[in-house]
Amino acid sequence: MVNKEFKLSEIAKLLDLSLEGDQDYKVCSINNLKQADKSDISFYYSKKFKKDLENTNAGAVILSKSDDLNTIKNKLFTDQVHLAYAKCSQLFMPKSVGFSRKDNVPVIHEGAIISPNSNIETNVKIEDGVVIKSGVYIGSGSIIKKNTLIHSNVSIYSNSVIGRDCILHSGAVIGSDGLGFAKNGKKWEKIIHHGNVEIGNSVEIGAGCTIDKASSGKTIINDGVKLDNQIHLAHNCFLGENTIIGANTSIAGSVKVGKSCMIGGLCGIVDNIEIVDEVIIHPMTFVTNNIKNKGVYSGGPVLMEHKDWLKKIAIERKKR
Amino acid sequence: MVNKEFKLSEIAKLLDLSLEGDQDYKVCSINNLKQADKSDISFYYSKKFKKDLENTNAGAVILSKSDDLNTIKNKLFTDQVHLAYAKCSQLFMPKSVGFSRKDNVPVIHEGAIISPNSNIETNVKIEDGVVIKSGVYIGSGSIIKKNTLIHSNVSIYSNSVIGRDCILHSGAVIGSDGLGFAKNGKKWEKIIHHGNVEIGNSVEIGAGCTIDKASSGKTIINDGVKLDNQIHLAHNCFLGENTIIGANTSIAGSVKVGKSCMIGGLCGIVDNIEIVDEVIIHPMTFVTNNIKNKGVYSGGPVLMEHKDWLKKIAIERKKR
Amino acid sequence: MVNKEFKLSEIAKLLDLSLEGDQDYKVCSINNLKQADKSDISFYYSKKFKKDLENTNAGAVILSKSDDLNTIKNKLFTDQVHLAYAKCSQLFMPKSVGFSRKDNVPVIHEGAIISPNSNIETNVKIEDGVVIKSGVYIGSGSIIKKNTLIHSNVSIYSNSVIGRDCILHSGAVIGSDGLGFAKNGKKWEKIIHHGNVEIGNSVEIGAGCTIDKASSGKTIINDGVKLDNQIHLAHNCFLGENTIIGANTSIAGSVKVGKSCMIGGLCGIVDNIEIVDEVIIHPMTFVTNNIKNKGVYSGGPVLMEHKDWLKKIAIERKKR
């Protein structure tokens, strides 16, 4: 699959942006400032990525006039960067990051077992010893490495990479789109997700987990991670080696969790949080700040008789 | 599918109710007081529906003797209205609300793409440009409108309506029964769900979401709504246009959310709540009251070191 | 399926344990102290199972030298009992507890309806009146009793027992592995799950629920239990008759819930908790202690305006 190419002048016209720089310069994909190279167009919409803007290798950047930097050669200006990013994401096809051959048929090792009613798309590679149960869907360009076991009714979107010796339990979804939308008046404009999911070796993914692909770049689950059931991991997250997480925990976008952490069930972690290595978090904790020190954290609500709870909330409300 | 018809005298006998009114009057379905017409039987079991009782067009009403109203002509009395409602719901077949033809085969537009291992039941209509991935189930009488994309292993129960330009991610379930049961001694009597789910245009439903059908009437998701993964929406809910909701949020029965709301992940909203337009709710908030004013709301528990949490709960418990 | 047999001397050698007792004694499966018989090897790693150790019928026990008991005849000593247990669990095949015949083909009653794209494995028994929708997977040795309805895309792992008159909604997963791992240096060693799930009669399991099999023994859901959508029930849990649970509630391992309880949605219950009969728990409650008395319990966080929440957390943090 060859990506479409656009001249910056074409993008400026299609998205109604004002262009400064080489109007014949061509880009063929969209990426974040950090990972972009000169064939990519990128975007800058939050001060927290200032450093990335200063150091980017992107061929062109969409940004606000007030954030202009001399070091950027090709610029497309708008007051609504997030919306322009969403529209721009719709111009390009996702990059194929997985296995690819000219004849497009999946390559399934003779030592792999594929059960009935599964559907393996084009350009998938399945290695020796892999077992795939029934009702599994594997999207194009994905790779399933040696000895991995995929239980029934798992859905794997295109371009996913699943390591060796993994177990994916039934109903798990790998590579669905993240909740990426930009406001366009009252409506929401979809940010097309160009990234993928990469899962290391010896990872276990519980039943009903949902792991979103990156909007650009990769959602990464490192070697030895163990996820209980019904965990949600949003786009662009990173889980360090041997981290283990309890059921129903929900992790928002671009969260980075260190190595050998233990996170309890039903925790919520807001977006863009960083958690260092070897942190222990008890169940039902709401993580709203970076956790910079190894240690044990909590926060769950206190069990009480209902009549005491009614008193408590009456007091809390009177206080205000 | 023609519904069974019952005389009120038959219902009174089958359900052991005392009848006041026309014993030969015939009803052919069950509905709530507000939406019922003269071919429906309805039920009244909570003071909060008093206004609906006074204004109902139902052909007959099941209610308690103490709630008797002169304006109702045909009445079936019992002390256990909720249980009688459950039993009555079991008499009738769900109304077919979707597309229906005499020959019963699904009608699939030649411009739609249906992947292998999907199962499209009778009387389904699939419009132009629809893409259905593998392992999808679509129950009888459902309609999938133009250009909608349904990812692998989605389950859609009968009589669902899915709008144009929607995306349903893998593992989502549309139209499952709500948690509707009436106490019958120690046991639970099932309330058969006669309603359906109707989803507007340009709606995105995240991976693993579950959207229950209405017990009677409709569960409604309006145009432009965007749901993250693993959201639960119970029977008879209503989501206003362009509302967006974060992952793992759980919304109980008959909740009405306004337009352009933004609700964070892992929130719980109890049943029968109303939330006005343009409300913002942070993640992990527990919504136990109507939200009558536009604004920003919170309530999530506070992150702390575990030793501080142990002190906090010791203090909270001593207080009582 | 005949289980592999091991002499204790072989196990001692394979797992690097020091053996005291009859080195030619043979065991063919692994089980907890309480349920083990003389053909089982068992393990002791927590004081809370002291009584079980004293009364066990296990043929041999893995334990720490410091926990040695004279009443145990055959002992395998190690400082890392949990890890040795994990490794030992990997030696044995799970016991077949379900229906089994010499010819191995599933036995499907002529009065059952099996939809297309379902996959029924060997040694499954499906009784009269059962309806199985499309995309369902049923693992070997499972039994589905009379008149049970299984909706599309349900996954049932091997050796599960599903009672009469049950309804399993789409996307539910029965019998996935629990989150069972023992630390082995930095890595996690998998505890192979030898148990199963047994579901009684007239049980309803909501869409997207995940019910883990027992690590050894049974995860049990008794007659008349009703589960809303997306509930997680971990390994070795027990739910008493006619208990009803709201959506998105997450129950950790070995929790025992009594009869006729009503538990709200989004609750978290930590492992090894016991809850007596007829307890009512409001939504979003965090249950960290046994509940020994019938009553009504709560604990959910309080809804407030976001500006008040910011004040509240500032105060809570200053206190410490």
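A, B and C are the chain letters, set down in written order, and residue numbers restart from 1 in every chain.
The criterion applied here is as follows: a residue touches a chain if its C-beta (ideal position, glycine included) is under 8 Å from a C-beta of that chain, and two chains touch if they have at least 3 such contacts.
Small disclaimer: the values here were computed from a predicted structure and weren't measured.
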Out of curiosity, which chains are bumping into both chain A and chain B?
C
If more than half of the interface residue numbers appear on both sides, call it same; otherwise different. Which is it for chain A and chain C?
different
Hey, how far is the Cα centre of chain A from the one of chain C, in Å?
31
Which chain A residues sit where two or more other chains touch them?
117, 135, 153, 171, 208, 230, 248, 266, 284, 300-302, 304-305, 308, 312
Contact residues on chain A for chain C in the complex?
115-117, 133-135, 151-153, 167, 169-171, 202, 204, 206-208, 224, 226, 228-230, 241-242, 244, 246-248, 259-260, 265-266, 283-284, 300-310, 312-313, 316-317, 320
Residue set of chain B touching chain C in the complex reads 117-119, 135, 137, 153, 155, 157, 171, 173, 176-177, 179, 181, 186-188, 190, 208, 210, 212, 230, 232, 234, 248, 250, 252, 266, 268, 270, 280, 282, 284-289, 295-302, 304-305, 308, 311-312
